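Some structures to go through are shown next.
In what follows, subunit A forms one complex with subunit B and a second complex with subunit C.
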Partner chain A sequence: MSATVEDASTLAIEARGLVKTYGDLRAVDGLDLLVPKGIILALLGPNGAGKTTTVEILEGLRQSTSGSAKVLGQDITRSYEEIRQVVGILPQDFEPFDRLTPREHIRYFAGLFGRSLGKEEMAQILASVSLQDRADVHARKLSGGEKRKLGIALALVGNPQLVFLDEPTTGLDPAARRELWRVIEELRREGRTVVLTTHYIEEAEALADEVSIMVRGKIVASGSPASLLDEYTDTKDIRLVGVGSEGLSTLIERGLTATSDGEDVVIQTAATDDLSTVLGHISQAGLAFRDVITERPSLEDVFLTIVGARIEEGELKP
Partner chain B sequence: MSRTLADLIAYGKQYLRSPVASFFTLAFPVVLLLVFGGVFGNPEQISLRVHVQNLDNGSDYSMDLVDYVSETGVDIVPVDPRENLTNFIREHSIPAALQIPKGFHEEVGSAKAGNLTARPLVTLYGDTSSAAFQAIEGAVWGAVTRLNFVLADAIPVVSVENQGLPDGSAQESGSALGFFLPGIIGIMVLTPIFMVSAISAEYRTRHYFKLMATTPLRKWEFLFSRTILIVALAFVSTLLIVLVAWLVFGEIFILTPIAIGLIAAGSVLFVAMGMALGNLAKEPEAASALANVVYFPMMFLTGTFFPLEIMPDFIQTTALFLPLTYFNNGLRDTLVFGNVSGALGNLAVVAVLAVVFFALSAWSLKWRAE
Partner chain C sequence: MRPSDSPRRDSFGVQFARRRPVDLRVVWALLKKEFLDSVRNRWIIALSAIFIVLTLVVSYFGAAQAGGGTGFQGLLETVVGMTAIAQILIPILGLMISYAAVVGEKERGSILLLLSMPITRLETILGKFLGLGAVMLAAVLSGLGIGGIVIMAFTGTEGWENFIVFLLGAVVFALAFLSIGLLLSSLTKRRGIAMGLAVFVWFFLALLFNLVLGGVLVASGGSFLPVPGEPFTLPDWFYAAGLFNPVEAFSYFAVRAFGLGGAFGFPIELPEFVSIGTTGLSMALWALVPVTLAFWRFRRQDL
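Let's turn to the complex of A and B:
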């Protein structure tokens, strides 16, 4: 569970025992999820983990086989119309309409939410996703990143309290991805709750206040990136740059756990070790090296520890 | 209401920005009108050509017969007597040619003198099943009958006068263009089936329905706005047709309330049919193929341009199962014949079918994920 506080008034999402089956396949398998208001939650997992099915159930767009969920206090099965008004959604397979411009898209969707946008408000929305210079170009001429930005703008046009972004940066180049991250971070500053699905570990690490790791329809770990690191990693590495193979044997003789990595040596320490003790050993060995780098474990290491595999191109790799 | 309006405006922009959609919705019916108006609007300008091979060396009776054929209103095209006539017909792809045999004059003279064995005979060669052959045959029979009367020194007593239907019909002119107008309007309301089916299939494959479902827009509002647009465009197109008919051909068409009802109901029927086809087809290409399967039989087998009465029985039976038949019949009832009860009956059929297909399109539209 993501939230430590389970007061319903502070929760944007409260899901219990969600199950979605397709024949014998359990796409979502008894999922519990509590998401406090005002945070960015990343549902992290490989393709086929059940992330999109989960958010589509929470969005009210897909029926669960069993279980219950409330979104902003509204039951998803009974309050479809109400949820539409307060939730913004960027679907995974979002594509804009070829023959409408971003400005026309935004005006169109504002109309669907019963809103009439003034010039200033329109300019503000376009600027929030950096599309002001492309506002009057037909959408078929937009780049992949610009299309996703437009998708986020459409998700925000109803001024939602809760925003679902399903794989918002998949397929984008690194520059476009970082530009979208900036837009998503802005949502947090505006106080909105964001549920983000991704298979990019660095994206979850960069954006999320809370991360739920999802594999085969289940959430296998949840928490802030820092708490996950604390809980699931117990080593940190010290890299001595350019110390050479002689340095490796010296350090091993002094009882340190070290491995060679080219001209470098990587010393593995327990997370709880006092670094000054390790650095004292290095100093006493009298070794010559060009630099010392402390390498913190990442969410990728957490994922590897929990799942026993890495995610590459969205797929699990042993 | 604001959601429907927002969807209507956005969809309208997309639809009209599609060159194919705007051409076939607005320009195509006008093009049809110009073509049919140009061809049939002035019957005096229509000329039927009859090829004649006179083997009787310009004899009096043979020349009289040729003159009588000419006076039926057709153009005579002489064929060289040295030509093999059947080969000539094949090589020039002509529907029919009349051959007057050598000795025709003498044979006629002999028969006139009382020789019962004399058989003056002219031959009409060609594709006997073609409509053009049959028209030429009528002209030749008219000329032969006239020659027989002359030879018998008799005067024709009974004759025929053609008269239009000015009283009780909506069209004061009773012109040929008036007959084609219902067909052109029929094609106009039928044609969006192509665009709508392709758009519906595209909406599904590009996940636009799901995108729409993420907003407060409801399914019935979506269907309503899409239908309203096509109905509105049908009326704009109808007005264009009426305007062009007036400006180009000087024909004034007055749409009756039943005709207006038929255009509205017919547009709903065919836009709903298009949406249902698009929703049921797995791919946009399949939707286009299905639309073709529906469109072309309806275009040609429902009396759109050719009266069903001249069609074979099985086509007339098939037409009963094609919705455009009732639309065309209803429009002709009210615009050409002034038959109010017939028009209302056809309007009722079209309206019921519109409701049925609208329900089918709503049922087949998967708004939310399964």
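Let's turn to the complex of A and C:
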């Protein structure tokens, strides 16, 4: 990823050769990661890939077995306190305290920075995660999405430059997920760097500037969603809707690679092909069809290609 | 976890090797949160209420019926009942308030958030101990304190100094169980296990210990029955063993706080080494050592 961006002052994270072992298990296995400032990076991977372990090492909360990392220019093993001041985290499985309200939570965690928040600052934090209407409800009564928003608010009380969100939207319904996406995009707009882990490909696609796909403790692919698509997909399909089976033979006669799919015919082309030649063939064939759809493999297909068919929970665990 | 190669490093939060002085604002924030969280806990409210009501009932009826015993004798007779209640309920309250204090945060993932804040682990344990301690202080002082006032309304204020000493002892006794609970909480990985251990500790210290000691006494040819005509005593080792148990230490402390053992309705003389000093020291050690171990454990654990 961003191999061109090597200047330390523009990197939020610079990790080299990180390894974390638990007994014989290599939870993180020689991981390199460069994250430029100001972007959203999605660490995408199946269960047990080592995402949480990686972010906890980068947060300075877990000791790596070997390797080195700098976060915002500071060595994670030497600058614990400095890092605490500039990094905010949402732990995986974070549950707020049942009997405290969001406002009390925020006041408490701000107090741990030795700060007492003014009215305006409190209102601003609550608004940034759109919890202003639920600010005085005991956390026990908050919905899953509201609890996660509160978690993000708590990651923000120290006004961090770098925010780690470990599975911020797992278990939420689509509407709540989309709302959280807006909150996370807002963080980038404010100039913060965001590292989030997720199982959801569409989340990475919707939010992330950069995606790193992690399998078995290693990053196996990374880049922007678009560049990953370019790199890992070499086909592009053209679907002729309702063209019928006689259309198929006509197209094959003209030298196109095509298969039939119900009433439709799908023409396979190389991603690099000039589409106008293909379209020329189609129009010259004089076929009748209701619609033309070009289909590119999605990031999900890329993910499945990379991770193989082994994404089912458990299967990847050694 | 295997110990880390470098002994100076914690396996988690390595960099805590660098210390800084305790920041009182941070401790205060932690204290307030623990206090607020506990006083909104219905179980803790309910148990404190039971404690307060029971001590009130015992002190009221005890004092009203103290056989016309007014003055110091009346105070003594009623304090016996309060001590019995405190011996059972204060340990339960102390353990209940603290057993989840660390392990509960591990389970809800909030411990990571906590540790991602610019605070030290010493501040964390200190804040929790003081915040929960404040709740215990409030419960003990309102339970026993109001009870004491009720009693003195009947029997007069004679012996109030003794009562204050007794109250102080009860507070240390309460902190001892808070401290034990925090240790259990930092030793365990799951809330349920911490709770099981807490129940066991209570059962052992408040019930089993005495039974075992009594069994040993009888087996070694001793007896709980006074021999007519002779002053009743138990062997010194019996009391010495009791000093190691905060529950026993508290009851000896209560006896000593009000003077002689005989005052407690039993013709028992405590040996000289069972004094305010030694019983108080025992309870104080129980209040300090477990929480220190809890800190030590919490500081170097991989969560």
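Going forward, the second predicted complex is superposed on the first by the 306 of 318 C-alpha atoms of A that agree within 3 Å, B and C clash if a C-alpha of one lies under 4 Å from a C-alpha of the other, contacts with A are read in each partner's own complex, and residues count from 1 in each chain.
Rule of thumb we're sticking to: contacts are C-beta pairs under 8 Å (C-beta built on N, C-alpha and C of every residue); 3 or more make two chains touch, one makes a residue touch a chain.
Treat the numbers as computed from the prediction; the structure is a model and nothing was measured.
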For the overlay on subunit A, clash or fit between subunit B and subunit C? clash
Taking the superposition as given, does A:A208 touch the first partner, subunit B, the second, subunit C, both, or neither? neither
Which partner does A:Y108 contact after superposing on A: first (subunit B), second (subunit C), both, neither? both
Which partner chains sit in contact with A:L299 here, subunit B, subunit C, both or neither? Use first/second/both/neither. neither
Which superposed partner A:S79 touches (first subunit B, second subunit C, both, neither): second
Would you check which partner chain A:E95 touches, where first means subunit B only, second means subunit C only, and both and neither mean what they say? both
Let me test your reading of the model: by the given contact rule, A:G158 touches which partner, first (subunit B), second (subunit C), both or neither? both
In this superposed model, does subunit C or subunit B come into contact with more residues of subunit A? C
Looking at the overlay, what does A:R62 touch: subunit B (first), subunit C (second), both, or neither? both
For the superposed three-chain model, which listed region of subunit B (129-137, 147-155 or 255-263) is the one that clashes with subunit C? 255-263
On subunit A, the residue positions that both subunit B and subunit C contact, one per complex: 56, 59-62, 81, 84-85, 87-89, 91, 93-95, 97, 99-100, 104, 108-109, 111-114, 155, 158
Given the complex, residues on subunit A that touch subunit C span 56, 59-63, 77-81, 84-85, 87-97, 99-100, 104, 108-109, 111-114, 138, 151, 154-155, 158
Could you pull out which subunit A residues touch subunit B in their complex? 56, 59-62, 81, 84-85, 87-89, 91, 93-95, 97-100, 104, 107-114, 155, 158
Flag every residue of subunit C that touches subunit A in the complex, lowest number first. 4, 9-16, 18, 20, 23, 25-26, 28-30, 32-33, 36-37, 40-41, 108-110, 112-119, 302
So, in the complex, the side of subunit B touching subunit A is made of residues 2-3, 5-7, 9-10, 13-14, 17-18, 206-208, 210-217, 368-370
